[in-house]
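The first chain written gets the first letter, and so on, giving A, B and C; residue counts start at 1 in each chain.
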Amino acid sequence: MSTDRRGFFKNIAAAATLTAIPTAALAREKHKAPADAVGLLYDATKCIGCKACVVKCKEVNNLPADTDGYGGGLYDAPNSLNGTTKNVIQLYKNAGEESFVKKQCMHCIDPACVGACMLGALQKSKFGVVAYDPDKCVGCRYCQAVCPFNVPQFQWTKIAPRIVKCELCKDRLAEGEEPGCTEVCPRKAVIFGSYADLLDEAHKRLRENPGKYVPKVYGEHELGGTQVLYLSHIEFEKLGFRFSQQRSVPDLQQTVSHGIYKGFAGPVALYALLGAVMFRNRKKNPEEEKES
Amino acid sequence: MTASRTIAEQLQRAGVSRRNFITFCGKIMVAAPVGLALTNKLSPQAMAATIGKAKRPSVIWLEMQDCTGCTETLLRTSQPDLGTLILNIISLDYHETVMAAAGNDAEAALNDAMKANDGKYVLIVEGSIPTKDAGVYLTIGGKKGSEKLQEVADHAAAVIAIGSCASWGGVPSSTINPTGAVGVDSIIKNKPVVNIPGCPPNPYVLLGTVLEYATTGKVPKLDSLGRPLFAYDRTIHDHCPRRAHFDAGEFAAQFGDEAHSKGWCLYKLGCKGPVTHAPCSTRHFNEVVDCWPIGIGAPCAGCTEKDVAFTVPLFTTVDIKRPVPPDFYPEVTPEHRPVSPVATGVAGLVGGALVGAGFIASKKLNEGTSDEKPKE
Amino acid sequence: METKAQPLGGPLFTRGYYVLLGLAVVGIALILWRFAVGLGAATGLSDGYPLGLWIALDVVTGTALACGGYAVAFVVYIFNKGQYHPLVRPAVLTSALGYTIGGASVIIDIGRPWNVWKVPIQFWHWNLNSSLLEVALCIMAYVVVLWIELSPALLENAKKPILVKIRNFLNKALIWIIALGMLLPTMHQSSLGSLMMLAGPKLHPLWLTGWLPLLFLMTCLAMGYSIVVFESVFSATAFHRKPETPMLINLQKVAVWLGLAFVVVRFIDLTANGNIRYATKLDLFGTMFWIETVLWILPLLMMLANPHPNLGSLFRQAIVIAFAGALYRFDTYLVAFQPGPGWHYFPTVPEMFISIGLISLELAGYVAIVKRFPILGGLGEKA
């Protein structure tokens, strides 16, 4: 009996030393937007729900119409982002309050999807855009699980499915053009620009229009900051933005994991320890050497 | 003159076929499907009977600073010959463009009509009234337009301002408004004025209004700008046949481009539909289907609305102040793939089987028997 | 009384075996169908619930249940309890099969399996922040290690000179392989916990914690010991051998105390960060939390009530712990994971039968190998 308890405590002690480190871990450095960061500023008070941005996005990205949705097979009517829709307009309507809301990738400054992806198919690339490379993708869908905005979509019906999400028209950006959605918006409800400029503009609108907006630029601080910013006259939670924590999603997991592993030092040390103990034990019991 | 005859009598005398009259009633019903007691009937025949019993209303039609377009729109109908019908359903006792008399005879005709139907005639006014420089810019028979208008209105039973000019000043009133043009209700303050704006307006709206008055003695319900609600309660945008394209984000970007040829929404070409209250989208002109601006691919110019028509440039897009979403928008948290009840049932069965097997196995172990080979 | 391990012998194609094979064939047919029609048609997965039954059951729970080899290795090779040695081979066999099936489930689950070779090979693309990369690499390596660990048993009766050479080499190098066989599960079983840490605010506060790696590690060890007990009792009964009851009682005790430690660590953590308040609400989450807690404490009560358990009691305790561990993992991956309103997940019938088929394949493999190779019977006479 006693050996079991001792053994048990040894076991726990070993595991505990490995994992005691999270509490003492140095906080991971907070990520900042890159110097050339671009973004979008979407002002829900200006949006008229015309969906020109939805149409243009499909055109620019060669995406097929979404007739599965509630368009009854006749209309391209996606009801949310999906494998054929990188940008969608939804409507919040309740008790006299109404607002349209545009949904697409938020191009987070410290993205969960980038932290998750095994081979880096999702990366923060030029201008801070979160880009996708299908060649590195095994279709594990871990990125979908971790994204707090449920942005990455999967092509469930395809034999060679990819992840589908807004990439801020990165090819057009490379040519010096603006993204499709901002180009066609007839009321300039969504605009493109440098992240710094857009943040300034957003604050300017808050200052100059007291009482018109919820006094917050969503995306400035939330989840470590996003390069797509939102202004609204209705609480962001009602528009489907569930989370307002300031800590980025990867911060906890990476702090803990790096604290435990310390690069390869942790595993190597453990392996050495295990090997050493077994070696010593083998010396103690030579007759059992052959058995396995 | 012959205003004492009922309309039915007059129609009979004039030899207007009953079929033509029923057709005409049907047209009025289409023009005013709701909002008029007159058209709130089970059939055109019933409506015809109601109209038939009424006395022909005496109508005096004054033209102020006008282009005669509103008269033209009334006369521009042909199936049936509305000109004939009109002259037999209403007693058009004075109309400078249509009547045969001129000069002193015309003056006399007006005075006679006013005397004979004192307090009973309907005054229809076309054109705006200049007010600048003491109103010298319109003189009729030596009298200032505004004076003449007031004179005739004082003895009228009802005043109808036909067209945008009479309703709020129209074309002459835009930008610098050199003549100080105003609508009828800026001059006539002692009587309610029904405004039927449009440039030109739909003739059946006018006729519906007049006949409602003739048959019920009351003018139709009006909005805050004096416009009959049955025709002006909705914006073009709310009733537009191209609305589906707007909702789907399909816009023509240039005249003649592919989207334009496909009949897509004209919002980006400056269509004022979203801010224009008018009946045009569902009642077209010249009795030809799709004979209205948007129908032929020209963006609505907002001709019924003051501050829009002749003021906002034709190709400037308008703000949509109260976007009224149709039902065709997904909600912020739409429902996705539901759970299959069959699968849930199967899972329950499998789970139950495993639990049962575990139970039996552990019981057997308790008993210590090991003869049976339990199924794995 | 120690006898050498021996092949069980006896006919392979019994009635029970046919049932297993039948289910396995159905599963394989469905797997081919899944590749033909795509994941959308074959499963209940969606963009809100991208990870489903195959991950939660086959991979996460399945590999935890396949931690018998790992758990027993600690007892035999680290704590030097040589008398438990006969339990090693069957445990390693279960582990090898379990991890192989887990790996197969991953290949079936991912959408672009033709790229999966890049994961171990293209190290220049490795995202070292990714817990899933760590899990994938470790599991790939561990499957290899397990079969290498098992190969002395498979090669024991081999006569061919080349095979004999390999066997001799393996026997010498084995401690380094076994050490790897303890390092790797420590890494990836805890990383299976870190994996869900990245779900962040989508994971309910009763499950989201920086201690997830430790909690997953503790529960996996408890499950490993329990599975060894379960498997020993089962094989002994099914194949008419006397089980090694005193050793099993000890192993089960470790499992039970690990379970208690798990509950204690969890409660301390939840109290320290204040999230224990969510346990006072008996909504879905509060209820599942308490069910988990009760299931982990129940074997302790069973053990205290019956300090000399018979086989049946041991069996039940083991099952409860295995189930408790499975429930904790299902909760972490599927129940506590909240993508937002409007999303629902339940596996489809084909999805379930693919899992059932794979598990049946694993069991069939186990039966075939123990009958043909010297895995079982290290201790105890025929019953």
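Criterion: a residue touches a chain if its C-beta (ideal position, glycine included) is under 8 Å from a C-beta of that chain, and two chains touch if they have at least 3 such contacts.
Just so it is clear, the structure is predicted and the values come from calculations on it, not from any experiment.
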item: Chain centroid nearest the full-protein CA centroid; value: A
item: Per Cα centroids, the chain farthest from subunit B; value: C
item: Subunit B and subunit C, separation of their C-alpha mean positions in angstrom; value: 73
item: Subunit A and subunit C: spacing of chain centres that average the CA atoms, whole Å; value: 30
item: Mean-CA-position distance for subunit B and subunit A (Å); value: 50
item: For subunit B, residues that touch 2 or more chains besides their own; value: 333-334, 336
item: Contacts with two or more other chains, residues of subunit C listed in rising order; value: 46-48, 340
item: Residue list for subunit A, restricted to those that touch at least two other chains; value: 240
item: In the complex, subunit C residues that touch subunit B; value: 14, 16, 19-20, 44, 46-48, 233-234, 236-238, 240, 310-313, 315-316, 319, 340-349, 351-352, 356, 363, 367, 383
item: Of all residues in subunit B, those that touch subunit C in their complex; value: 333-340, 342-344, 346-347, 350, 358, 361-368, 370, 373-376
item: Residue ranges of subunit A touching subunit B (in the complex, touch as defined); value: 48-56, 69-70, 75-80, 88-93, 98, 100-101, 186-187, 238-240
item: Subunit C contact footprint on subunit A (complex, rising order); value: 1, 3-5, 7-8, 10-12, 15-16, 18-19, 22-23, 81-83, 112, 114-120, 134-142, 144-146, 148, 150, 152-162, 223, 240, 242-243, 245, 249-250, 252-257, 260, 267, 270-271, 274-275, 277-279, 281-282, 284-285, 288-292
item: Contact footprint of subunit A on subunit B as seen in their complex; value: 244, 246-251, 267-268, 317, 319-320, 323, 325, 328-334, 336
